[in-house]
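Below you'll find the structure, written out as structure tokens, and then a few comments.
Think of it as A, B, C, D and E in the order they're written, each chain with its own count starting at 1.
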Amino acid sequence: MDWDFIAGHVNYWMFIVLMMTGLYIVVSSGNLVKKIVGLNIFQVAVFMLYISIGKITGGTAPIFPSDRQGHLEIDPTIVYSNPLPHVLILTAIVVGVATTSLGLALIIRIREEFDTIESDDLVKIEQQLTSADNKEHGEAMGGMA
Amino acid sequence: MHHHHLILRVVTKLLAGTIILYALYVQFHGDFSPGGGFQAGVIMAVAFILYGIVFGLVAVQQVFPPWLVHKLVALGVLIYAGTGVYAMMLGYEFLDYGAFDPGHPSHGQHNGILAVELGVGVTVTGVMIAIYYAFAGRAPRISDEDW
Amino acid sequence: MAGTVTPHDAKTLIEQLPILQVLVPFCTAPLIVLIGSRRMAWALAFAAAVISLVISYALLMQVYGGGFISYQLGGWAPPLGIEYRVDAANALVMLLISAIATVTLPFAYESVKDEITSKNHTLFYACFMLCYTGLMGVVITGDAFNVFVFLEISSLSTYVLVAQGAGRDKRALTAAYDYLIMGTIGATFFVIGIGFLFMSTGTLNMADLADRIAEQGTNRTIHAGFAFIVVGMGLKAAMYPLHLWLPKAYTFAPSAVTVFLSATSTKMAIYVILRFMFSIYNPDFIFALNVMFLVFMPLALIAMFSASFVAVFQVNFKRMLAYSSIAQIGYMLLGIAIFNLSGLTGTMVHMFNHGITKALLFMGVGALVLRTGSSFYNNLNGLGRLMPLTVAPIVVGGLSLIGVPGTAGFVSKWMLVQGAFENGWWVVAILIVLSSLLAVVYVWRAIEVLYLTEPAEGAKMAEAPMSMLIPMWILAIACIWFGVATDLPLGAASTAAEVLLSGSFGMVE
Amino acid sequence: MTETIINFILFAMLISTAFAIVRMTSLFAVIMLASVFSLLTALLFVTLDAVDVAFTEAAVGAGISTVLMLGTMALTARHAKPQTQSNAIPFLVVCVTGAALIYGTMDMPNFGDPNAPAQVHVAPEYLERSIEEIDVPNVVTAILASYRGYDTLGETAVVFAAGIGVLLLLSGLARRRKEDEEEGDI
Amino acid sequence: MIFETTTAIALAMLIPLAAMAGNMAFKDMPNLRDGFTFLCAVLTFCAVLVVLANEGNSITSEVSLIEVFPGIDIAFNVEPLGLMFAIIASGLWIITHIYGVGYMRGNDEKHHARFFACFAIAISSVMGIAFSSNMFTLFLFYEILTVSTYPLVAHKGTPDAVKGARTYLAILIGTSIALQLTAVIWTYALAGTLDFTQGGILVGKVAGWVVPVLLGLYAFGIGKAALMPFHKWLPAAMVAPTPVSALLHAVAVVKAGVFTMLKVGIYIFGIDFLAETGASEWLMWLAAYSIIAASVVAMTQDNLKKRLAYSTVSQLSYITLGMALATSMGALGGGMHIAMHAMGKITLFMCAGAIYVAYHKTEISQMQGLGRVMPITFGAFLIGSLSIIGLPPLGGSWPKFLLMLGAADTGHLIIIGVLMVSSLLNVAYLLPIVGRGFFRPLDDGAPTKRYEGPVLVWLPPALTALGCFVLFFYGGALQSFLLPIIGQ
């Protein structure tokens, strides 16, 4: 691994560290809201990776300048960064916020029904409900189970 | 919520108008500078949300009744898809805006982009306000004073 | 181009079919919200599903013998624009999805009335149509990123639909939340995978991706991309051990939702895995071959046995079926791992056959829930005698799930076993049939409850309403029909498998 | 070089924000930090020439998401329980995923490389053709609304799905008149 | 020629289905329902006779209905073994139906319509088995037969019945799916076809250890042949009403099993191929063991039906043995035994049912002196027993003779010994029943007036007992009828 390689890749590694932090929050956190926050961080870090794919050293935002009559000017000396990842990520951001809002709405309902938004409490309540089910409905089919 | 400061209320009214104007700018200028239907929709919604936060949910719902919001949500998607369907009816592929001005496809593209951006803007405005209404319509667990 | 008049051939309706396939259900959703009436909502949704079914049949017939249809959205040629590509592989999956939607909607009418508060009905159908649109969009598209967008349309609506079961059991909410978290992680993994592919090739169009990967060979970035795509979609497909969201989601979702999801959404994910594996990465890809043998096969076998085993001990019919789904997904993955024509045909045809079988069974449970209010075995005693017309199709579905000859389930298992023998994997072949025996146990348990136990004293139970019976009988007949007259699913599936193994879209004649 | 330095500073801030979020139990602080994270991300996007994305991230991440999360917090709880369960499994999952990702970066082109595959295929075509074919200055808009307009339609549908999803979960469809409501209950 | 053979085959399968539909439709009109079913039974038999008249003992080419997998059709043809099986099953259906009506009514059983409907489906699938021209079609109908007889076994719905039915289903479905299906698909993967072909389809396609393993998968997979250790379902199925035991578990179901076994041996492997590779040697010994062991177990059973069931297990292994001997004589003997045993065993079962209807006795120890009050029934039982034992002038003597010839051909003297010992064991477990009936005094308080039960119950066994005589005189004819299966 020479220096060039490291300099050219360190950005990606930074994003990966961020991604993993986000993922860690999702997987390890017990609080439902915090899980959503983690999900956001995870996704945003992925977006950064995407955007960095499109970056060209010395490039500029892909918007053409126009002259006074509104005609677009093309200056061959200007290097534009790749606009495609931007488009993809615009879409992805919107998808992300849509997911977030749904997740939050679900959390509100969960809080109303279960009176908690901590996953270990929820797991406990669910286990109680399941064992109640099994108790009530357990002896179906004379001893087969 | 009604005992907010007078200045806040006056400023909000002024601000809401300005924000709407800005939203319209972002909406229809998206092809020249950053921004477009989505951002415009968000900004537009913020104007109403701000109004709602200051004057209360009931007040803002009188200005912008929920049923209308819900229709807008659907309308925006239909505007977008309808643009594409219109191109299909002209014998082109779905969303081929060139259809709108066969003699001068880039004009057609322009018109098409404006139409679909409008669709996005309408839906996003609607959805954001609808979500705000839905959240604000719930009884809070934490009272104002606890913040 | 600007300023010049280019002659343009007007597109015919036939040429527009690929987009109409998605567009018809798509536009229905906002229309339903705009009109805002419950009866219209149902009628619109049903009409859209029927139209879409007809279209998908027409499309399948066009590509039945090989070849593909390409549709350029916005008139932009790929790889610049987004492309729809229909070949035998996805046409078959689309036919399944649209057929299931068409039979689910009549079923849903009464079921939704019973299980969901009336003020939500209109939106429910809108959401259902979005989910349907999303699935169709994922399956038909030839653009890798477009897969993600439509995947999210279907996923988001799915979460909401699952949560609608909260009226009966509040655990539907946590089920939906868990699904949301897992599903979003899966989708994000998928996006990472696409990003890696994009980084190495600069394109998003599937066919173009395939060409460029073939040209420049693979590298570590492409390998990692593959892993992320498979894991991401594996989450959606409930591939063992990424299946944890499934039992809860299927158990607590409203009946109509479970019917639709169980038959379509996991199949869609498996289709995407297949598409990426075979059409984008080259089938000869040695790297992938190792993955088949080392990862897919063991996981598939574990899924088949462990999930079936768990299913045997369930006290809730619906939950039992959910676990059985995980096991059946194992079969589909096994077909991929077998990696020859028969095995892949088995996967494709099992997607189809298991789709109709599971839809039928979940409908049966839904009908029983409508009448008895419960899906626990001990509340279903002797119902076979009280409501014979409702329970008989369940038996047919059960037989098909086991894979009794003469039913659809048999055809797919046959192909899988044959594929295993062709590879000389006779141990695997025997394991496949052995795991069917576990299916016998869990299915027979349900049948015994329904037929051989005594109903409660003086119990009277009406048959399920016609709107449920008709779809159930249609599916039951389909289960038998496709077990005997196999040319539609099997013919299309083997074309699909050939297409996939040739590593392209359609076939080069 | 300046860009690199700015990137590093931003990254340092991002990572410390993220780590802080891991540790925090006050939801208010978590949400605020998430908002800060979004703003920093938006800045990073600007340095990466993605102004549209930066604009959107600021509006969405720092704006809408924050408001929604605060709203949720008001409706649920202010504090997260401190973690009790073991972190070994999440840590393992994260490590494996991270390792796979880093393995994937090994054959990636250098950051900012103008000859990377992503820069030489498809993308230059957009830049060349959009002036003629679409004639709008913002290439991102051209791709977003026209070349890949179908994705954007899908995106709109996602927003729509989220909208009706939230309505389904929290309130239901509003009706214009009282009579409608009665009709709906038949 | 009244019909084309094809039409006749189709009718043989469809008429029973019409009977099923009739039972459903005329659910609450017992006389019409049972009359209609009787008519259907007669018509089915006629349809099979038409096939016989048209084709004699030739082997016809197949008629394909539909292609299921590439190269695998649902297809039918006529071939002597199958035709014989069809004639026996459909002919005995008529008699069993008469008997069944008497039994069900005399015994106040419930759910008549369901019972006769399932019965009809079972017959239809037996016809399918008999006329299938490839292993796939056979397997398909084999499974339908299993599933359609399940409700018959579980008919009473008592915990005992449910348990018995569960065993029945578990073993039959279990073996057929786990082993037989594997074998079928394996065969297809090896040979590329599943058509029954004179001389076998595996010849030259496979060698070494695969042959005995594949044969083993078939032998154990055909659970209906009740080869030990997969025989438990047969005694378990005795919880079913007696007409079921009589027709299905003495004729249709178990014979479907051994019929499949013969088909596999003759047309899939080929007798010569088996002889050449010696792959069936182990099966021969297992069958011999099964013959002796089941007979010994039969002696310990006090329940009459259970004893008969174990006797069936033992007798079925004669047929398996015939195939495993891998000589023409053996195969021929096995084939004949299908007919001879069917006639004898159905007589015994119907007698058992008659005793149950008339006096509600199920245990042999309770049947002291009953022969004096029901001489016809016990007389028929005696004739049936003697036929099973293999004494001339009864039908059962022929196959034993041929099997012994076969064993002598191959030089397996021990097998001849086994056959002798088995005959002695038959005497030991069957004749005491008759002896007890005629020569022991009646239990105290038992009726002394002669009563045979309703006529519909005692007449059928009397007829089949007569059939045992008749078959003896047609033994030679039957043998030459079956000759084409061994290629002569």
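Assume a contact is a pair of C-beta atoms (placed from the backbone, for glycine too) under 8 Å apart; a residue touches a chain by one contact, two chains touch by 3 or more.
The UniProt protein names, listed by chain, are A = Na+/H+ antiporter subunit C; B, C, D, E = Cation:proton antiporter.
What you see is a predicted model; the values in this text were computed from it and never measured.
S.K.: Tell me, which chains sit next to both chain A (Na+/H+ antiporter subunit C) and chain E (Cation:proton antiporter)?
M.R.: Chains that touch both chain A (Na+/H+ antiporter subunit C) and chain E (Cation:proton antiporter), as defined above, are C.
S.K.: Compute the centre of every chain as the mean of its C-alpha atoms, then state which one is farthest from the centre of chain A (Na+/H+ antiporter subunit C).
M.R.: The most remote chain is E.
S.K.: State, to the nearest whole Å, the distance from the C-alpha centre of chain C (Cation:proton antiporter) to the C-alpha centre of chain E (Cation:proton antiporter).
M.R.: Whole-Å distance between the two chain centres: 44.
S.K.: Roughly how far is chain A (Na+/H+ antiporter subunit C) from chain C (Cation:proton antiporter), going centre to centre by Cα mean, in whole Å?
M.R.: The computed centroid separation for chain A (Na+/H+ antiporter subunit C) versus chain C (Cation:proton antiporter) comes out at 25 Å.
S.K.: Please work out the Cα centroid separation of chain B (Cation:proton antiporter) and chain E (Cation:proton antiporter), and write it as a whole number of Å.
M.R.: About 78 Å separates the centre of chain B (Cation:proton antiporter) from that of chain E (Cation:proton antiporter).
S.K.: Using mean C-alpha positions as chain centres, tell me how far chain D (Cation:proton antiporter) is from chain E (Cation:proton antiporter) in Å, no decimals.
M.R.: Distance between chain centres, rounded to whole Å: 71 Å.
S.K.: Which chain D (Cation:proton antiporter) residues sit where two or more other chains touch them?
M.R.: 51-52, 56, 60, 64, 68, 71-73, 75-77, 101, 105, 108-109, 116, 118-119, 122-123, 126, 132-133, 135, 137-138, 140, 144, 146, 148-152, 154-155, 157-162, 164-167, 169-170, 173, 175
S.K.: Got the chain C (Cation:proton antiporter) residues that touch at least 2 other chains?
M.R.: Chain C (Cation:proton antiporter), residues with two or more chain partners: 1-2, 26, 29-30, 33, 36, 73-74, 76, 145, 149, 152, 156, 159-160, 163, 192, 198-199, 204, 448.
S.K.: Taking the complex as given, what residues does chain A (Na+/H+ antiporter subunit C) use to touch chain C (Cation:proton antiporter)?
M.R.: 23, 26, 32, 35, 39, 42-43, 46, 49-50, 53, 84-85, 88, 91-92, 95, 98-99, 102-103, 106-107, 109-110, 113-114, 122, 126, 129, 133-134, 136-141, 144-145
S.K.: Would you mind writing out the residues of chain C (Cation:proton antiporter) in touch with chain E (Cation:proton antiporter) in their complex?
M.R.: Within the complex, chain C (Cation:proton antiporter) contacts chain E (Cation:proton antiporter) at residues 399, 402-406, 411, 414-415, 417-418, 421-422, 426, 429-430, 433-434, 436-437, 440, 444, 448, 451-452, 454, 484-487, 490, 494.
S.K.: In their shared complex, at which residues does chain C (Cation:proton antiporter) touch chain A (Na+/H+ antiporter subunit C)?
M.R.: 145, 148-149, 152, 156, 159-160, 163, 166, 170-171, 173-174, 176-177, 180-181, 184-185, 188, 191-192, 195, 198-199, 204, 312-313, 315-316, 376-379, 445, 448-449, 453
S.K.: Within the complex, which stretch of chain C (Cation:proton antiporter) touches chain B (Cation:proton antiporter)?
M.R.: Contact set of chain C (Cation:proton antiporter) toward chain B (Cation:proton antiporter): 1-3, 5-6, 8-11, 16, 19, 23, 26-27, 29-34, 36, 71-76.
S.K.: Touching residues of chain B (Cation:proton antiporter) toward chain A (Na+/H+ antiporter subunit C) in the complex: what are they?
M.R.: 32-34, 38, 131, 134-135, 138, 141
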